[in-house]
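Structures incoming, each one as structure tokens.
Consider the two complexes below, in which chain A is the common component and chain B and chain C are the respective partners.
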Partner chain A sequence: MIYNEAIPAILIGLPLLAAFITPIINLASRKARNAFVIAVLAIEELLIILLAWHVFTDGIVIYTMGAKNPGIVPLQAAVPIRIVLEIDGMAAFMGLISCTVAMAAGIYSISFIKEGNGKSRYYTLLLIMLAGMLGMEFTGDLFNLFVFLEILSIASCGLIAYRQHADAVEGAFKYLVVSNIAALFVLFAIALFYAQYDLLNIAAIAKVMQYTQLDKIALVLLVAAFAMKCGSVPMHFWAPDSYSTAPAAITAMLVAASQASLYALFRVCFTLYGSLMDYQTIGLAIIIFGLLSMFIGVTMALPQKDIKRLMAYHAISQTGYMLLGVGVGLYLLGSSDFNVYGIKAMEGGIFHIINHAMYKGLLFLTAGAIYYRLGTRNLNEMGGLGHTMKFTSIFFIIGALAIAGIPPFNGFASKLLIYEACYKVSPILSIVAMLVSVLTLASFIKVFHSAFMGPKMHDVKDVKEVPKSMLVGMAVLTFVIIFFGLFPGWVVSHIVHPAVMALVDKTAYINAVMGG
Partner chain B sequence: MIWNVPFITVALLIAIGLYAVMFKRNLIKIAIGITIIESGVNLFLITLGYRKGGVAPIYTNLPSGVTPQQMVLPVPQALTLTSIVIGVAVLALMLSFIMKMYQHNKSLDSHSRRLKG
Partner chain C sequence: MNDETNDGRMSIIVRTIATMMLPFILIFSFYVIMHGHLTPGGGFQGGAIAASAIVMMIAAYGHKMMEKRISEDGLSMVESVGAAIFAVVAFIGVIMAASFMYNFLVGTPLFGETPPFGSNPGILNSGGVLPILNIAVGMKVIGGLAAVVLIMALAGDKEGDKK
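Moving on, here comes the complex of A and B:
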């Protein structure tokens, strides 16, 4: 394989650099700018596939910024110096999600975002958002995590408010307040670690972690902050506002951005603390967060009339599944049952992350396509779109069936894993999960019926199929959904299982940096 | 006891900031609350880096009779500097959002919001 050890650094550096070149190219020609952005996103996708391939076959990849030999971490008195990027199975897995969603969103935006003086800035922020996500996922340094978290949230807020409607600005403001408070919690927790151990590297802190009273406070701050940022109940209120008002392509990116926070939550729970902490209590707390998110999310979605707001509440409810699956794994960590069904539950939760990013991204893009043609998000003003927007309605059906967990689409594969594994812990968990799934299907049947079925509407006769680039963007995600749905066994054993094992195996993560 | 004063200040600042964000209705006051929390966290970082009798970690400028062991570690200061820069960006963005919202709603009251339910 053409693998180079600099790939992790290029993956973060390329979008950052390209972000600021984009407005310059825009001066020459708009077509060149579009081509440039898509080329960068395609290169990112290729590089992340190469990197993930390498990580899944050869194990953890280390890249030390600015070192002569980046594969080895320079240690001075057991303190790793310089910023270290550490990519294990889980980080590579999350990187795959971010790059794929960013590529689909980038292609979709070519015709979705109307040309105007802001579009080159739009692409700038989109690329910075991608860099922020990848940075959060790849970094092995806690302070660096904070910096990328802030880069990600500032870029996202700028994009949510892109259209400058009153609603959009309000959604962006709420997201900025929540994410900034979360980031300050994270910084406070980092300061607590630094006060005790003089360390900022995740692996180095995990190695010397004493689990003192201060560490417990830091744990609570970190879990609260990342649960806030991933949109779990009870701090979910920002999600429907900002998801529904952002441009559709950005909403798809925001789903991936919330999942980067979810990744940080899992990284903190499993790698930083692992079996040191009272994992049963934290696991139970995460399970309860998950159940509440699932149920409250879906019940709030049912009465919505705004199509994107409805989908945003479903995003909260689906985040609940991931928290439930991984929470069950955390609850069982260390017990003998862990190897029997704890790993299965985690596989379900982690697999659901990638599935959710794909189908929820697709659904938001279809909602954007409807908005592009009709100029409304209100379900009562739609109808009969199936007559003219054939491809969009097919993509919507695929997304809706996948989110409801109907075979042969990917949602079914991960939900089945979660049902099975949770049943052994407590049947109530599985019952709630299935109930939520049924309600999800009900709510999407409502959307499908009111938007696509029925006679053509009189006042919206000029509705045509959306431009090609938007169809291609949606097709990319559909392809992944169908592929994952048809070969779930291959995906679980080759991509999801290594990610889960990387998350669980704390010693390998520590040894990769600290040596031996 | 006197050494604990900065830490008590940190706790107070963060508590005041959180109170402002949660209970104040004026958007500008929410922005101020966030800035106060941020000052609290920054003060915490700086307090951690303080060492009695420490000198700046610059070898060429070392006063006579001071050993390099008395230098302070510059990492907390570097972290604080980064955090301040991020804070300025966030504050600027937040205030511009508030400006836009005021243009649309003609009100700074958070209860005049449009997105509900």
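Moving on, here comes the complex of A and C:
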């Protein structure tokens, strides 16, 4: 079938098209608009599963925009012409995360966002955000990466400020400033590459990379920019403000968006530079970023009273695990230990990305459910919600146990991989990781106790279960968490391992575009 | 400067000149949009010129008067339709069994002419889908920029009411 090979382009193009049709359908009826958005998100999910299946069985998929034969990259004197989408295992893996979270967030938003003038624009921006994430993950072109990074940032900004409270606008402004600084860093790095090699294609640059002084500067700029965008300590200050003030469904999307930046960081480190650079130093730097994020994130989370702010600090802390796992992999790259411990550490780190997107998305959605009924995010004003919001409390328990790494949920599987593999580099890494896990459990017990346990609150009368669409949104993510928790072996060997191998195998990525 | 009595309008001289200038500015904007594939400029620049014509009318006649003529919802709709045309053109490439953004109009009577080699004054009927994409971007920019300006003018009004 001819449309089969067009799936990568449709995945990015469909949300963009749907984003601008949504306000037109909104004129006819609001129900039709909701149905349309959900249908588009469901089609996206279906297409990404098909694409991921294809990539995991047959290898890298190439799509050249605007060419007669999109499967072949037109080369002229070793310069790839046109924009190329290149989907390897890692990109398909990230696409799965983005589409799943977007679908849950879209379903959740039907009841969560109150009808009003802005709701069709809310969906427009949500779909553009999805297109931005998928574009960042699929593109094989550095400048295209920058464009999608900007699309993602601007759409996110509009959504963070959606409620128009003073603090929401402040959160959006911080996000805007950080995104723009990061985007300028990326643009400057791209300019450095373009000046030296006259190339923008990632694979083409990786092939001729000389690792000159300018390339080193570009590396620092790229690593700093993407570490800033993924909310790693010491560039984490924007995350608590933006995460806590955005509508809950958008916070879940922001988690996935941060991980798209994380993907870009790994792509730059492994594919663009790989073994050319001083991977031990960069790996060590990423490990230190990871340790700092883990520890500072969780210690800042413990004293928080605002439920979403607390979760936002946990998001920083969990990002640390991913950085730690992949940083250990980078540190060991090329040494004889890599095949034994490096791969395992990276599997842990990459597996943690999808786990984190699912359970942190779920936790933010439950926090949104509490906000929907009580109108507050302050833990001191909650209590006894377990009596009336039964499903929400079950979802919260599952999310909290998963983030704390309690078996049989998915957080346990990825954390165990990280503990085991990091022990080889230094036992201190594993000890810190376990300590952070314990502190995470402690702070979620605090949240659970103050929000769901205790007697019914008397001053709040109409606390009942949230509408069905919100429950369905949460159930989608819960299903994935339980599935990954019950079959971690299958998931690691069929989804995570191919993603890791795609990230490590720089030659295959280059050859797919540049040929032999 | 503009007190309540004249409803935010400027003097009759300004209004008359603005009315006279409006068709010329719009024609120039359409020229820039349509020649986007031949000369400097294009959809964005032409759209910005047309939006500036709307800004001029708001400045000359006052936003209350203009609010009756153009609505923010209508402008947003123009913007959405422009963006949707852009995406639809990109998708037609996929349906033509080629690829996303494939230039399917090359060789057809509509914008399909191939310009001769060497220096020439430029052939308007060339460029394939590019002129259509320029028109789509032009619609988007006219709608988007004009809506932004109109909302800002109305927001200033609300501030004034509070005082």
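One rule holds in what follows: the second predicted complex is superposed on the first by the 513 of 516 C-alpha atoms of A that agree within 3 Å, B and C clash if a C-alpha of one lies under 4 Å from a C-alpha of the other, contacts with A are read in each partner's own complex, and residues count from 1 in each chain.
To be clear about the criterion, a contact is a pair of C-beta atoms (placed from the backbone, for glycine too) under 8 Å apart; a residue touches a chain by one contact, two chains touch by 3 or more.
Remember, predicted model here, so these are calculated numbers, not experimental data.
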item: Partner chain in contact with A:L176 - chain B first, chain C second, else both or neither; value: first
item: Contacts of A:L441 with chain B and chain C, given as first, second, both or neither; value: neither
item: Touched partner set for A:V208, first chain B, second chain C, both or neither; value: neither
item: Which of chain B and chain C A:I406 touches, first, second, both or neither; value: neither
item: Which of chain B and chain C A:I394 touches, first, second, both or neither; value: neither
item: Which superposed partner A:A475 touches (first chain B, second chain C, both, neither); value: neither
item: Chain B versus chain C as contact partner of A:L50, first or second or both or neither; value: neither
item: Dominant toucher of chain A (residue count), chain B or chain C; value: B
item: In the complex with chain A, residue positions of chain C that touch it; value: 76-77, 79-81, 83-84, 87-88, 90-91, 93-94, 97-103
item: Interface residues, chain B side, partner chain A - complex; value: 14, 18, 21, 27, 30, 34, 37-38, 41, 44-45, 48, 73, 75-76, 79, 82-83, 86, 89-90, 93-94, 97-98, 100-101, 104-105, 113-115, 117
item: Residues of chain A that touch chain C when the two form their complex; value: 2-3, 6, 9-10, 13, 16-17, 19-24, 27, 63-70, 124
item: Complex contacts: residues of chain A adjacent to chain B; value: 143, 147, 150, 154, 157-158, 161, 164-167, 169-173, 176-177, 180-181, 183-184, 187-188, 190-191, 194-195, 198, 200, 240-241, 244-245, 304
